[in-house]
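Would you mind keeping the following structure in view while I ask a few things?
Chain IDs A, B, C, D, E and F follow the sequence of writing; residue 1 opens each chain.
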Amino acid sequence: MWLEFGRVFQQLSADADVRAVVLSGAGDKAFTAGLDVQSASQDSTLMSDQKDPARKAKGMRAQIEEFQSSIGAMEKCEKPVICAMHGIALGLAIDISCTADIRICASNTRFAVKEVDIGLAADIGTLARLPKIVGSTSWVKDVCLTARDFSAQEALAVGFVSQVHESKEKTVQVAIDLAANIAEKSPVAVQGTKELLNHARDHSTVDTLRYTQLWNSVALQGADFPAAILSVLKRQKPTFAKL
Amino acid sequence: MWLEFGRVFQQLSADADVRAVVLSGAGDKAFTAGLDVQSASQDSTLMSDQKDPARKAKGMRAQIEEFQSSIGAMEKCEKPVICAMHGIALGLAIDISCTADIRICASNTRFAVKEVDIGLAADIGTLARLPKIVGSTSWVKDVCLTARDFSAQEALAVGFVSQVHESKEKTVQVAIDLAANIAEKSPVAVQGTKELLNHARDHSTVDTLRYTQLWNSVALQGADFPAAILSVLKRQKPTFAKL
Amino acid sequence: MWLEFGRVFQQLSADADVRAVVLSGAGDKAFTAGLDVQSASQDSTLMSDQKDPARKAKGMRAQIEEFQSSIGAMEKCEKPVICAMHGIALGLAIDISCTADIRICASNTRFAVKEVDIGLAADIGTLARLPKIVGSTSWVKDVCLTARDFSAQEALAVGFVSQVHESKEKTVQVAIDLAANIAEKSPVAVQGTKELLNHARDHSTVDTLRYTQLWNSVALQGADFPAAILSVLKRQKPTFAKL
Amino acid sequence: MWLEFGRVFQQLSADADVRAVVLSGAGDKAFTAGLDVQSASQDSTLMSDQKDPARKAKGMRAQIEEFQSSIGAMEKCEKPVICAMHGIALGLAIDISCTADIRICASNTRFAVKEVDIGLAADIGTLARLPKIVGSTSWVKDVCLTARDFSAQEALAVGFVSQVHESKEKTVQVAIDLAANIAEKSPVAVQGTKELLNHARDHSTVDTLRYTQLWNSVALQGADFPAAILSVLKRQKPTFAKL
Amino acid sequence: MWLEFGRVFQQLSADADVRAVVLSGAGDKAFTAGLDVQSASQDSTLMSDQKDPARKAKGMRAQIEEFQSSIGAMEKCEKPVICAMHGIALGLAIDISCTADIRICASNTRFAVKEVDIGLAADIGTLARLPKIVGSTSWVKDVCLTARDFSAQEALAVGFVSQVHESKEKTVQVAIDLAANIAEKSPVAVQGTKELLNHARDHSTVDTLRYTQLWNSVALQGADFPAAILSVLKRQKPTFAKL
Amino acid sequence: MWLEFGRVFQQLSADADVRAVVLSGAGDKAFTAGLDVQSASQDSTLMSDQKDPARKAKGMRAQIEEFQSSIGAMEKCEKPVICAMHGIALGLAIDISCTADIRICASNTRFAVKEVDIGLAADIGTLARLPKIVGSTSWVKDVCLTARDFSAQEALAVGFVSQVHESKEKTVQVAIDLAANIAEKSPVAVQGTKELLNHARDHSTVDTLRYTQLWNSVALQGADFPAAILSVLKRQKPTFAKL
């Protein structure tokens, strides 16, 4: 299933008809409860009878890399991704949502970085991304080391999510409206903005400024910038071609 | 005008009589409404008749670099800069204020990272600096991808500004008082503090600790540290020479 | 005394019987008032009669490095450290607590990054770590450049601490309960979580993901992961061997 | 074809029966003459009738990334790759061989970083890797800026290749012997050595040392280290299981 | 004079009529003997009567930065620079030539990293660049720590220069021929090659590959790539417009 | 013994009477034959009966780190270290000599990166440092992956050593003369040169230039620079105080 998750986002990234993406969970109960513990207890790599630790490690590295890469496809997707969460959102729910651009949730959402309670350090992305997504390191370490639940309101207060709505339906609707709003804008401007903000997370200011010069030296040659300028001057609503 | 902005801050940085700087906007209406769209629509580089994209790109890179460099002079200014904003603060207002040390604003300030609405990814610094200035990435991406307005209160809640006051006058007065307070302190201590905090943003902890050792190995040899210690012991108000 | 502080944390890091650490201040009045100004005024390196600035600098670099290294031992301690603060918490109190994993405090705590008021840029870690611990750079620069006090509530609002309690006693009790809670979990999971979160602070996302693959390729071969999975499936409370 | 090149190396990396790889060119005339200029002149992305430079750029970035990724699969292959070159080795020949671990060639090899002569900066890896593979930057810039030929002897003198042999046959035979020699050694030791040397190229010394600690903390738990030690003590030839 | 050196290279970088640059020394005796020791002994910053080490340091940092920046303008010049040296080439001669792209010299050139013999660590660029320009660190440290002379032949053997010729005249002629050869090629290809090689020196392979994708996504849209392809197919000599 | 090696170099670094260090091997036969295989086969950590791979890994990481740190003390020693090798120089001999500043050897030296032949990837520093010390990556990977011997002449040709002499006696004498030569120079200049060259290895050019400004802003305030200038002008031999 996770391999398919990755492939879906590779396709969304490449398909010029797609301008923004909303990810939500099916059903009323959960965004996702994370790892299926029953299934993990029978995982062939984790539980293989390979006795040599050095050899077993190679298989495990490859498996974790493949899993990280599938989930990370959402971050690499060149279109903005809005993650609308509700209900139970444990473990992998955090890994996944950390790769989204915008996180919003329903007021009934119950989050937890659950991994320490199943005996491991979270390895699909939470520990790499959460400290760069939320400002308070003390809070990040609290929830990661204790595996305790945190509520939608707490998630909003620390900035993990940027909006809380009263129900799943409302949350998904807001996410779709937000996506629709973004989809009307220049895809050159929108996708450039995502790319440059992601670049800034992992590079120095000087490096991002330099990369930005290069990015816009071609982006500004497209039709969107003059079209947008003109529509501002003429107070018309512009339309922008696919990208 | 932006070239002059850069030169002014180079001068403020070099002038030993200056110990802290306040930047505010003239008039009641706006800190700045950002790019002059009318003027941009006639910009000679952007709208040149050079048809070769590779050749046009070179001119555009150079122009963006010059613009970034002028605005960035405020960040490089060795004296603390307090940015006091009010009214309309769109587009370039965000690029500029991101290069300040301390941001405060009047309660009527209306902010927006406006660039996607004129068809481009913000390229004068907002996308490189905002994710490092504010803790919540979800909020940063929301305002950058939607170009929506955000209020003084919202800016305070996410930490973009650290104080909100009831009017422009009050905001500017607070900024001046803050600058005056800083100006009474040791300029060796103050300018070192700015330098080391800026270093920390773009370097690893280990690197900044090492740089700090070197910085203070000379700074502590100045007259200010013993003078400050003595004035604490004697409960006197110290004065510090220019730097 | 600070050399001993460092040695204590090296020992806590190595001692497999220790699973979590609480650091608090003795007495009712202060967590710590920071540098002893009287003593600093007589410090042999700072106040030496070595007249050659280049030679004096070498001694000072070495002294700052040793001090940084002693305080930094708390960050390097492989077990989670919870710092419970109360009362006066000035200067070095901030340097120290920035190296903890979780910061909580009593409501009467009075914090200040006091160093500029004694004529120096803070050099034991505050300026290197605070901007990476708290989301709002404007706030960080405000408190570092002005040396002003900030309260427990303000520290909570910006995320410097993640909990405030009504008294020192309550704060310490909560810290101990938190440590006890963490101590019951798998030490493989807990120490891995600390290591990976610290890695993320100073490396790119890609680098931390790669390091994580390697880390868990051996950590998951330990007894804790299957034991924890089993106890979840059987709804039993697991126990984990020392690490 | 290049997509297949990438897939072949992904398979070689994963297949535990493979312990070392030799890459050579078919036929007597050339290792590879690089880009097929005729075909490039009809490339659908490069020569597409998309007129919007911003939109055209997106397709080109994707195409270059895919090409880089296919060639880069050889570098990511966890087994050592020995590249045995002969005859004409232009353009892409350099991009490809830069991703090998060991480069050797026949004395008749004629190399050139040919790209500037077909109007572009080499973009499949030569400019990113060559300065890190060869010590003399003056030489690297000379051959990259002039596109001039360089001989096997010159390649040896600057360290681009580490052996030159009199003919293609001899070169390939030496490469196979070298691969056979490596294949008899512990694959845990060999693949770890490749991984750590590649890590060192792109990380600081401190980072690689830390990564090395982690790597060997599991690698040394395998059967190979004690087996190798024992065979040294007993002066026997060890055999090592697949990895 | 050095300020003018910097301004000249800024102008050469911007002037589209310039496609390659040769730097050589006037007269028969020396490329440059480096710092004028007599003049340095009267330098107003170095020898100022400012007694406060912290305050004096600020002036010195600014002065070194300005000097580094002037010399570094040659590295930032977007056109290739060939440095043709002869005779005495001491101290600053090394700082300067390290910022060139290609270094060649006459057989009578006598080099030395002379700074330790006048009591300082070289601070205009030699220590930052030489270890990245030459492969043998043992050699680099030998010549930097001893300040000993090294000959043209030794410089060639370690790769500091890439060609040695019998006289100054011949060396300069070769440099001019080399520049003329480069000047006939596509300036889009040539300047891109310089930019990407410089990027590679200071970034990871992954970063440079990504930057390369972006660079060529616009560069390949220019007229030069199809023109060059066509001229290869038609076996004609292409001409390329200014950049 | 290796702990003592580290402590000796910490002492040499701190002792102001020491200005340069020569490291050579006792006896005629070997610089060092590296790891004592007999002893390793009985190592308590490597061969412990701890069965839990995750727990065993922690002990091994700590042991490797301690070993790396002891050997790395030579690199951190602020005085230049010249490593004079002869005879057998295997395994750890390479790890050690890679942390020296200057490597020279006798013509009878027989080197090998021996670790793969005892079943491990070299983990005390060779794989982290060798690719940054020698220009030819193809050669580095050849010797590291095959564990083959290489001669003094080969070491000189690739730049691993910078001088070869006819005997151990001669080599040690040259090393001592070199050390004596360096010891007569300004220790401010010499130690600054070592620090800045080491900084350059692991930082970008821009970062090292900035660090250099700061370093010399205090170093140039010492007595050595004016004393050296004066002695050049007066053609006298200067003497420099301890550092």
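The criterion applied here is as follows: contacts are C-beta pairs under 8 Å (C-beta built on N, C-alpha and C of every residue); 3 or more make two chains touch, one makes a residue touch a chain.
For each chain, UniProt lists the protein as follows: A, B, C, D, E, F = Enoyl-CoA hydratase.
None of these values were measured; they are calculated from a predicted model.
Engineer: Would you pick out the chains that touch chain C (Enoyl-CoA hydratase) and also touch chain E (Enoyl-CoA hydratase)?
Structural biologist: For chain C (Enoyl-CoA hydratase) paired with chain E (Enoyl-CoA hydratase), the chains in contact with each are A, B, D, F, in label order.
Engineer: Under the touch criterion given at the top, what is the topological distance in steps from chain C (Enoyl-CoA hydratase) to chain F (Enoyl-CoA hydratase)?
Structural biologist: 1
Engineer: Between the options D-E, C-F or C-D, which interface matches A-E on more than half of its contact pairs by residue number?
Structural biologist: From the options D-E, C-F or C-D, the copy of A-E is C-D.
Engineer: Since chain C (Enoyl-CoA hydratase) and chain D (Enoyl-CoA hydratase) share one sequence, what rotation angle in degrees maps the C-alpha trace of one onto the other, as a multiple of 5?
Structural biologist: 180
Engineer: How many angstrom lie between the CA centroids of chain B (Enoyl-CoA hydratase) and chain E (Enoyl-CoA hydratase), rounded to a whole number?
Structural biologist: Here chain B (Enoyl-CoA hydratase) and chain E (Enoyl-CoA hydratase) have centroids separated by 34 Å.
Engineer: So, what's the distance in Å between the C-alpha centres of chain C (Enoyl-CoA hydratase) and chain B (Enoyl-CoA hydratase)?
Structural biologist: Chain B (Enoyl-CoA hydratase) and chain C (Enoyl-CoA hydratase) have C-alpha centres separated by 29 Å.
Engineer: For chain A (Enoyl-CoA hydratase) and chain F (Enoyl-CoA hydratase), let me know how many angstrom lie between their CA-based centres, rounded off.
Structural biologist: Distance between chain centres, rounded to whole Å: 45 Å.
Engineer: Show the residues in chain A (Enoyl-CoA hydratase) shared as contacts by 2 or more other chains, in ascending order.
Structural biologist: Within chain A (Enoyl-CoA hydratase), the residues that touch at least two other chains are 53, 57-58, 132, 134-136, 158-159, 188, 201, 203, 206, 214-215, 217-221, 224.
Engineer: Mind pulling up the chain A (Enoyl-CoA hydratase) residues that touch chain D (Enoyl-CoA hydratase) in the complex?
Structural biologist: Per the stated touch rule, the residues are 14, 52-55, 57-58, 62, 188, 191, 218-224, 241-243.
Engineer: In the complex of these two chains, what residues of chain B (Enoyl-CoA hydratase) are touching chain A (Enoyl-CoA hydratase)?
Structural biologist: 37-38, 40-41, 46-47, 53, 56-58, 60-61, 64-65, 68, 72, 115-123, 125, 127-132, 134-142, 144-147, 158-159, 201-203
Engineer: Hey, which residues of chain A (Enoyl-CoA hydratase) end up touching chain E (Enoyl-CoA hydratase) in the complex?
Structural biologist: Per the stated touch rule, the residues are 203, 207, 211, 214-215, 217-218, 221.
Engineer: Please name which positions on chain B (Enoyl-CoA hydratase) make contact with chain C (Enoyl-CoA hydratase) in the complex.
Structural biologist: Touching chain C (Enoyl-CoA hydratase): residues 80, 100-104, 132-136, 158-163, 178, 181-182, 185-186, 188-190, 192-197, 200-201, 204-206, 208-209, 212-221, 224-230, 232-233, 238, 240 of chain B (Enoyl-CoA hydratase).
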